[in-house]
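Below are structures written as structure tokens.
You will see chain A twice below: alongside chain B first, and alongside chain C after that.
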Partner chain A sequence: MKKQSSLSEMKKREEIAAYVFLSPYLLATLVFTIGMLLFALYISLHDWNLFQSPEFAGVKNYIKAFRSEDFRRGFLNIAWYTLIVVFTQTFVAVFMAVILFKPIPGKQFFRTFFYAPSVTSSVVISMIFIWLYLKTGYINLLFGKVAEIFGGEWQNVEWLNKPDGLFQLLARGVGGDIEYGKWYLHGPSVTWMAIMVQAVYTTSPTFMIMFLAALVNIPSSLYESASIDGASSWKQFWKITMPMLRPITLLVVVLGTMGCIQMFDYVKLMTAGGPLGTTLVPVYQIYTETLGINGPIRAGYGAAMAFILAVVIFALTYIQRKFIEEKTEQY
Partner chain B sequence: METRILLRNTIRISGKFKIGLRYLVLLGISVVLFAPFVLSFLGTLKTNAEIIAWPPKIFPENWLWNNWADTWNTDLGRGGTFPRWLFNTSFLAIVTATLQVLFCAMGGYAFARLKFKGKNIIFTFMLSSMMLPGIVTLVPKYVFMAKIHLINTYWALILPGSVEAFGIFLLTQYFKSIPGELEEACKIDGASYLDIFRNVIIPLSKPALLTLFILKFQAMWNNFMEALLYLSKVSMWTLNVALMTFQQQYVSQRNLVLVGVMFNAFPVLILFFLFSKYYMEGVSFSGLKG
Partner chain C sequence: MKRVLTLIMVLAFLCAGTALFANGKQEAEPSGLAEMTGADATSFTKFAVEEGAKLVLSGWGDQTEQKIYIDAIARFKKIYPDVIVDYQPIPADFQTKLKAMMAGGTAPDVFYVDDQLMTAFGSTGQLLQLDSYMAEAGVARSHFIESLLTIFTLDGDTYGLPKDWGTLGLVYLPEAFAAAGIAEPTDDWDWNDLYNAAKIISEKTDYAGFGQNADWARFAPWAFANGGSYTNTAFTSATLNTSAVKKAAEFVLKMYNDGVLVTSADVGAGWCGEAIGKELVAMTYEGGWMVNYMRNDFPDVNWKAVQVVKALNGVRSNVIFTNALGVNAGTKYPRAAAAFTIFLTSRENQAAVAETGFAYPAHPDQLGLIQDPNDKAIAAGGLIGRVAYWGPNTGKINDEVSRALERIYLGAMTIDESFAEAERKANAILAGE
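And then the complex of A and B:
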């Protein structure tokens, strides 16, 4: 009898201890996750300039966001960005990981070396690339040298101030044009693509490390039996390596998508949405509205845009998950 | 016989050729990855006229090391100096990383070792909260910080950054891999949960704790958006915020801006090369959770 009560007492002590250990996390989550989510919802349903008391506005802010041409434009820009950057960085990361995975002297050294630039901040990267992308910068020098080799001539480009879109340039190449008003037909602008290059440059090595970790976990017996069956290394790559990398590819795509859609730093640091709105992105708009950078503070509008963006991210990552999981079941 | 030797030699040569080719690719990638940094470093030693001249040269005409001193001694007034920004950034990075390690270890211990009501629910909630896009809580967090007057204090960055789902998850997984016999023995000796946490779990988990510390140190060092939102006073800026403004005010002195870039990049790069193993493990872990 006595033993039982002490047992339940011990259980209780364990429970109390657990909650004490968890209390910092629970408190932080309560305030900064759950509390802030509810607060975000509240703000998005009000007009609020942070000085006067908030005024109830219903779903007005959401409707305003959908009607805003700038917001739609930001969405199209970020869609191009996400599509191209996620695809390219995943491809580059797999490529680097596969090259580095094969036993080769100095492998460890290269692995460390490749990852190093990724540990620096987006500000560092932006400041460097602002300079490289100057009209008199090294990127133009590089293009000039390449053009020289092929006997052509290179007109120096001001990379961060070139609003011409990809499709616009293509149309001009065949003698036509797309007028500037029809922004939705332009495709990503030259400036926007320059920023994409920079983004791929910084993110690929991080994802390379993830792919390398996954490659280590592929049982080598799979390759051995394939070799005995006489499968070429090219075939082994497509039949063994790629299928085994599916789960990690899913994660890299999902993480990449989440990161890309919430892109802010490069736009804030390098273009402020310009030239001609071709690098305008939703998070930058949320930031300018909430702080009132281009007009009055509109926290409610900012919060509403953030919610719309979050729903889009959820939907996208959910679809990606479903899509890749379905494909994986065959194996 | 002869053909066989010929064949063997061909294979050997093609093998060597393959390795050579692979090194060539690796070297190419290294050049692409490091050229921006090397060029910027050389740029810090040039005059501003050199830095924007066409065509750009690789090496400086005179190696102007005093650019570094000039930047270090730049004073924007009201406490806006590089030593001050360096202090702000290091302070924030060290404090948040330390708190993360402590609080996440506590949470991880509870999840890995203790039984309590609601454990599964809280753990599942925690995992799903990692998929929550950070952008949703950005506006309310800013308003909240403004309303409780934490703008332009270190607290605005320390409080929300002191414990995170990712860290708890990482440490929970690590603690689970520690064999439990030692703890059982301690329990029989009458040790409390705090004793076990302090004397058994923490000492046995140093690599994981160090990994988390480094990842969070880097995250705070590189934090841009929150620092930009919460720290508007010149004397409170972190290096990232300062560098942005510095670049806007010193457009005519890009060489000094590049020195600022080095001040910002070197500490994390040094930390990385010292502890690269722990970095890689942390990044690989975030890949394995999928």
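And then the complex of A and C:
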């Protein structure tokens, strides 16, 4: 009896010690995450200019956000961005990881070389790409040279100021067009796709490192038995490597999706939502409304947009988890 | 006798300038003698401030601007040796940072105020009303160019004092004109002269004719001279879908489609001023900032400026940009902060700043202090311009104008469609939607 009570006392002491050790983190989470979330929720139901008392507005800010053409456009833009960037960066990351996992000469050098864009500041990367994307920049020069080799001529493109959408260009290719007012049918603009290329270039290496770490953990015995059974390298990749990478793929896709939906820096630094709103994204709109860039400060409206965005991220993450986890094979 | 005549001529010039500034609207041309308002020369009068006052001053600006303010603080210290001023420039994202600082209660005591900050701080009581302190310092609103004060005035009270102003001029490269074998621009040019010269230059030389981006500010001289505006005078409805604005846009688009007007990106420059510096375009509309920019970055490039050209109706107009200095309403030292602000914008200090060629003084009787010939030509635009302020949504309205221009440059819409859409969106913004 005595032994039992001393055991439960010890357990209690351990629990208290655990909470004491956790308290700094819990306190920070309570104040700076949960507290801020509740505050943002409160603000989203009010009109607030940061300096005077908030005035209750009910769900007016939410209705306003849903009615805003710019906000809807921002969501469509970010949907294209997420779809294309997440797929491409995951594919590129797996590809680079598999190549660099093989015993090739200069492996360490290439790992460092490929990883460099990920540790470079997005401001620096943006500045470099702004120059590359100039109408008189190196990208156009490169296309010009390639066209020259094939006996053609390249019309220089102003990459960061080209609002023509992908489907618009395709339609024009077959003699049609999609009018400007039907922006939802245009597809991602040339400028938006140029930014996607930049995003894939900078984020893929980070995910490549994650895939490399996962590749190390795949037991070599699986490949050995597959080889004995006569499986080709291609088959081994699809039947062993990819299924074994599924948990890390889930992580990469979820992180990639969340990162893409919250995209802000490239738009702020390179396009400010232009040309013609084809690179407008929700977080940039939240920023401009909350801080009153170019107009009155509307923090309540910004908070409402932020909550709508949070719900979308939550829903997407849930769907992805469900979809990918269900198909994950456990060994 | 000669001295008396010179004095009369100088006074006549100042009178004319002041009257036109006070109107702040388009004028056919600055006329000779006109009714003068606001040229009462005065000196800053020292008044009592809090003991042991410590002030923080913040503004944007590069190193040249920072040096100007360091020198200004030294001049202020001669009058108030006991007031400590800590100058903390914020070169980038000034407005955003200042709003965050103000919300967090850590904003500086004295800071630059533009239309965006006036919108955020003015009506929410974050700026100190300066009128009573101005009276103590012997400074009146009438000592400033009247139109510059409009942005910083609420219900007749003053919340910021204009520190300087700028406007646009036709900046050009004489070499391009020599290469094309045509005469250089004059103040008598109209749209057709500009078009013809740009066409000849673009055809006969390697220079592009005229540089102009899809930008509300550069479009303003075209639209305003043609009798257009961006909003009504009460700032309650947009006036973009008007024949005056669209006719101006039509001419600009014709230049663009004919290849005589190019954007800075077309020629591989970041902005049209840079295109002048790199000798890529022969002409563009830029402001007084070109003087220091060209001096520092392209000292070997010869350039000149005249006034922006007249519309086909013979009217010339321009746009005026201005910023003020304001005082944080929550400052611990309101008297010292007000004294500092009033001093920085005083005739004495602005005369010293004008000597550096950095900025145009906000006092009408000091326009004669502008020395650089190119600066003088550009500053003349101030006599016929209107201040770029259309109420608290100025930035958003300007964005809509720029987008309307972008759409027509890119051929995404016709002029009618584009400006109708711009007006629809601008009206929605003005209605608070």
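Assume the second predicted complex is superposed on the first by the 305 of 331 C-alpha atoms of A that agree within 3 Å, B and C clash if a C-alpha of one lies under 4 Å from a C-alpha of the other, contacts with A are read in each partner's own complex, and residues count from 1 in each chain.
Assume a residue touches a chain if its C-beta (ideal position, glycine included) is under 8 Å from a C-beta of that chain, and two chains touch if they have at least 3 such contacts.
If you're wondering where the values come from, they're calculated on a predicted model, not measured in any experiment.
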item: When chain B and chain C are modelled together on chain A, clash or fit; value: clash
item: Partner chain in contact with A:F113 - chain B first, chain C second, else both or neither; value: first
item: Chain B versus chain C as contact partner of A:Y25, first or second or both or neither; value: first
item: Partner chain(s) touched by A:G295 [first = chain B, second = chain C, both, neither]; value: second
item: Which of chain B and chain C A:F87 touches, first, second, both or neither; value: neither
item: Greater chain A contact set [chain C / chain B]; value: B
item: First, second, both or neither for A:G274, with chain B first and chain C second; value: second
item: Touching partner for A:L134 - first (chain B), second (chain C), both, neither; value: both
item: First, second, both or neither for A:L50, with chain B first and chain C second; value: both
item: On chain A, positions contacted by chain B and by chain C; value: 50, 134-137, 291
item: Chain B residues touching chain A - in the complex, by the definition given at the top; value: 19, 22-23, 25-26, 29-30, 33-37, 39-40, 43, 51-56, 103-104, 106-107, 109-111, 114-117, 119, 122, 125-126, 129, 131-144, 146, 159-160, 162-163, 165, 168, 192-194, 197, 218, 221-222, 224-225, 228-229, 239-240, 243-244, 247, 254, 257-258, 260-261, 264-265, 268-269, 271-273, 276, 279-280, 283-284, 286-290
item: Touch list for chain A against partner chain C, complex; value: 49-52, 64, 67, 134-137, 158, 160-161, 163, 180, 274-277, 291-297
item: Chain A contact footprint on chain C (complex, rising order); value: 95-96, 99-100, 102-103, 116, 119-121, 124-126, 265-268, 392-396, 398-399, 403, 406-407, 410, 412-413, 417, 429, 433
item: Residues of chain A touching chain B in the complex; value: 11, 14-15, 17-19, 21-22, 24-26, 28-29, 32-33, 36-37, 39-40, 42-43, 48, 50, 96, 99-100, 102, 104, 110-117, 119-125, 127-132, 134-138, 141, 144, 156, 201, 205-206, 209-214, 247-248, 250-252, 254-255, 258, 261-262, 264-265, 268-269, 283, 286-287, 290-291, 299, 302-303, 306-307, 309-310, 313-314, 317
